Amino acid sequence: MAKNWKATLHEVIYEADTPAGKLFDVVLLFLILASILLVMLESVNEFAEKHGTLLYVSEWIITILFTFEYFARIISIKKPSRYIFSFYGIIDFLSTIPMYLSFFIVGSQSLIALRALRLMRIFRVLKLARYIGESNNIMRALNASKIKIGVFIMFILILCTILGSVMYLIESGEDSGFTSIPRSIYWAIVTLTTVGYGDIAPHTALGQFIASIIMILGYGIIAVPTGIVTAELANQDKEDGTLHLNTQSCPNCAAEKHKNKAEYCYNCGESLNPEESD
Amino acid sequence: MAKNWKATLHEVIYEADTPAGKLFDVVLLFLILASILLVMLESVNEFAEKHGTLLYVSEWIITILFTFEYFARIISIKKPSRYIFSFYGIIDFLSTIPMYLSFFIVGSQSLIALRALRLMRIFRVLKLARYIGESNNIMRALNASKIKIGVFIMFILILCTILGSVMYLIESGEDSGFTSIPRSIYWAIVTLTTVGYGDIAPHTALGQFIASIIMILGYGIIAVPTGIVTAELANQDKEDGTLHLNTQSCPNCAAEKHKNKAEYCYNCGESLNPEESD
Amino acid sequence: MAKNWKATLHEVIYEADTPAGKLFDVVLLFLILASILLVMLESVNEFAEKHGTLLYVSEWIITILFTFEYFARIISIKKPSRYIFSFYGIIDFLSTIPMYLSFFIVGSQSLIALRALRLMRIFRVLKLARYIGESNNIMRALNASKIKIGVFIMFILILCTILGSVMYLIESGEDSGFTSIPRSIYWAIVTLTTVGYGDIAPHTALGQFIASIIMILGYGIIAVPTGIVTAELANQDKEDGTLHLNTQSCPNCAAEKHKNKAEYCYNCGESLNPEESD
Amino acid sequence: MAKNWKATLHEVIYEADTPAGKLFDVVLLFLILASILLVMLESVNEFAEKHGTLLYVSEWIITILFTFEYFARIISIKKPSRYIFSFYGIIDFLSTIPMYLSFFIVGSQSLIALRALRLMRIFRVLKLARYIGESNNIMRALNASKIKIGVFIMFILILCTILGSVMYLIESGEDSGFTSIPRSIYWAIVTLTTVGYGDIAPHTALGQFIASIIMILGYGIIAVPTGIVTAELANQDKEDGTLHLNTQSCPNCAAEKHKNKAEYCYNCGESLNPEESD
């Protein structure tokens, strides 16, 4: 009986197949969005001064709801350590604890901004077939080209270190912001990626000449990662593999990505539908 | 007879197959461009002060012409509500009414800038085979990859929220413009899209380090949407489907995109060539 | 005999097949580069003040050499009007005349910067097989996709007009640079193309929110022209057509792009090798 | 015996096949990274003032280690001139000598920033099969399209010269930073590559209008290099040629890229495995 109650709770919290599970996920998503909004509004000074009490109370309400959810997740899973030390488990903990810590440590409340990380859960909630398929496609393309992109980024970093050092030698005397080599490297990255803030910009003729070369270089090599990913995506489009659309997660070990008609967990052998197996 | 008169008016106003219809569309296009120019010039202070009266009179002339056009459109269609609540109907109304409202509500005249939306009509007027074909091609490619791009933009937004929150924690003490989390998110978007205004820019070493990572990240992922659209366009080129070149719209329900040799509206069954059927 | 002399001059000046013709082109190229450098140096105040006389004399020497070249081109061609009113003829005239005009009209000398247009001639001089082939390839790809890109640019312009008008309504009261609709449209173009100077930037929360949408939009649609050209270039690579490597131009009508073994001008029937036909 | 000792040293220093060789390369890499870090930290004023002595001592330790490495490389190779005048030999010399020169010439120490160039050696150390394969792929794609990109960059430079001259004529009177033609060309490059610092920006209406055209132009032609590289990379993916994974370099002439099972140098005929051939 106790197991049945836990199994139902597990299905509601961890899965999105049943109406109750879907409702839970949607409510959770809205709570997360609301908590993000609260954190944002609190950081806006004019608003925080006017509605300070309202914000404080709302934040405590959401924190308490998140605390309940956190313990419900621990109770309803067979091996709690699986959840506690998982990616989402750590994020859930880090986004709930700062409010409680604020009683003991002044300023720890600002860590509440970490709650933004909970937004990642949006991807779990939106476990609709189409979205998974499409993002799987992108992920596979990025995965297949990650070594190419890694080599490319390493090359960019070395190039920026060299270019930054050269620009420091040229511009360090001027009043143009190249006050140290790390700052010059920062400038080289800002320029090569075509962001171009303009807070640091060369003043000497030689500096502007070299900056021009860097920009044209950056213009030319912006093509490389684009080319890599495009060539890979064009390949991916041809071989649209099978999708894992099953949203269940094992009540025992929290493993996911079960096959569409799986009855038992591929990882620990636990039945995925406890009620039926009773 | 009355019906014939309305049918002719309908053909002139709503279609571009006859010489009169083409002339009407071209004159309308020039009037729209002229009205946009007037709105622009009025917003330039030096010009508005010198030629205030000229601008005022011209604006009234164009507003009256637009009013005539609006009522002609309502009269010549069988079911006026179809036009009034259509996309173009609402735009036409919103771009004509502010001048009249300015008698009653001070300042409502500034809404006249909404007239720029009428420029959308340029796409209807330019209903030349080639342009439709080409833009159909782009539209189909964008349409086919809209879920992929949607997933991607959602990912970008979550990333910017997280990065903005982190940068707020690091830079909020400095005088570098990160005064609130929403502003920090705005900065993250400005940086990740490589726009880089420079009105907000990190001052601390740690902030610049994280900003560098964001930029290189942005440089890497600028490849993703490009790859998606390119792979799709390459596919589109192979399968250049049939084009809908028929510029007629139904005199009864204003439905468009009829087949090339259609005699009757696919939507309401009304004859598309009223004169002949008389 | 007179014809022979003119024919030789024509071959030296207009063609690059003979050693003398090649030498002429290379010397001309260096003269053009030198004249560009002179114009640049003269615009740098510190340099112009120090070496004013040197610059003045050098500029006159080059102007006189260009004058000789101009008249030689007119004399050696059978129908001078063909050259005088051609693209290069007009550029040659415009880049030579300002120095003479400076006697009569003060300030006309600054028009000498138009001499930069003569740099276009570099493409004629570099008539090497490989360069022509490669740039032909790019040109054909751009040509094949020019309607697609045209539709796209028109769409961008309309979008920028609408977005600029909306931002003007929102930000015009602030001290953020949105002083008129044309300036706001200028800002929209600066933002959508991800250039982002930062001289005009939104200050209000709503303005920054809409600007964020514009940037993400721009990030998404930067993919479109890239996709168009890439898909086209991938096609071009497959069908590397025959190249026009003949550098001769007709002594009578100055027509170019003759077939590789052409003996007579395809345009006017004049012999392309006058000496031999004598 | 002496030869054997040199051969072992050669294998440790120049190759990465043996455990000792790998260890040497990794230690060297860490030393290079440490030396870069030292140079960076020294350029940060606050840090240099506090820990000046520590930095000075560390720099001398690393310089002495680099000196030992430099002479070991000369001794262990049969033809030292091959190494001394090779690319890496010159970089090694230039990154070691400034510290010694600082006794005689004041300020030469700042040239130590050239040590960043030693980072290039990272590519030699990371001679793992996969990285070489992938970067070979990118290199071949860039190599195959280098003429296309060269033509493109030449075109960009000419365009920027012309646009810069035109903008100088328009904006030179204003206080907008267009003080000379070279600076205007610098601005044109900054704008066309979408970097957009904003230190120079047009103020006049005409200047902003032309700048808008340049930006939309730049937006359109950013597609060209991307298209070139993408089309090439898509080709490369199909024909993944054989890779040169042999990390040996000849003890006699330092030639590299030997075939996988090569016993003798393809360049000078020297045995690649001296111990065995003894």
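Things to note:
Per-chain numbering from 1; labels A, B, C and D assigned in written order.
By our rule, a contact is a pair of C-beta atoms (placed from the backbone, for glycine too) under 8 Å apart; a residue touches a chain by one contact, two chains touch by 3 or more.
All of these numbers come straight from a predicted model, not from anything done at the bench.
Homomeric contact chain A/chain D: same residue numbering on both sides for under half of the interface positions. The rotation relating chain B to chain C, fitted on Cα atoms, comes to 90°, given as a multiple of 5. The centroid of the Cα atoms in chain A and the matching centroid in chain B are 33 Å apart.
A straight line joining the Cα centres of chain A and chain C is 47 Å long. For chain A, residues touching at least two other chains, in rising order: 182, 185, 194-198, 222, 226-228, 230, 234. Chain C meets chain A in the complex at residues 194-198, 226, 230. Against chain C, the residues of chain B that register as touching in their complex are 36, 39-40, 43-45, 110-111, 113-114, 116-117, 119-120, 122, 130-131, 134-135, 137-138, 141-142, 149, 153, 156-157, 182-183, 185-186, 189-190, 192-199, 222, 225-230, 232-234, 236-237. On the chain B side of its complex with chain A, the touching residues are 147-148, 151-152, 154-155, 158, 161-162, 164-166, 168-169, 172, 179-182, 185, 191, 194-198, 201, 205, 208-209, 211-212, 215-216, 218-220, 222-224, 226-228, 230-231, 234-235.
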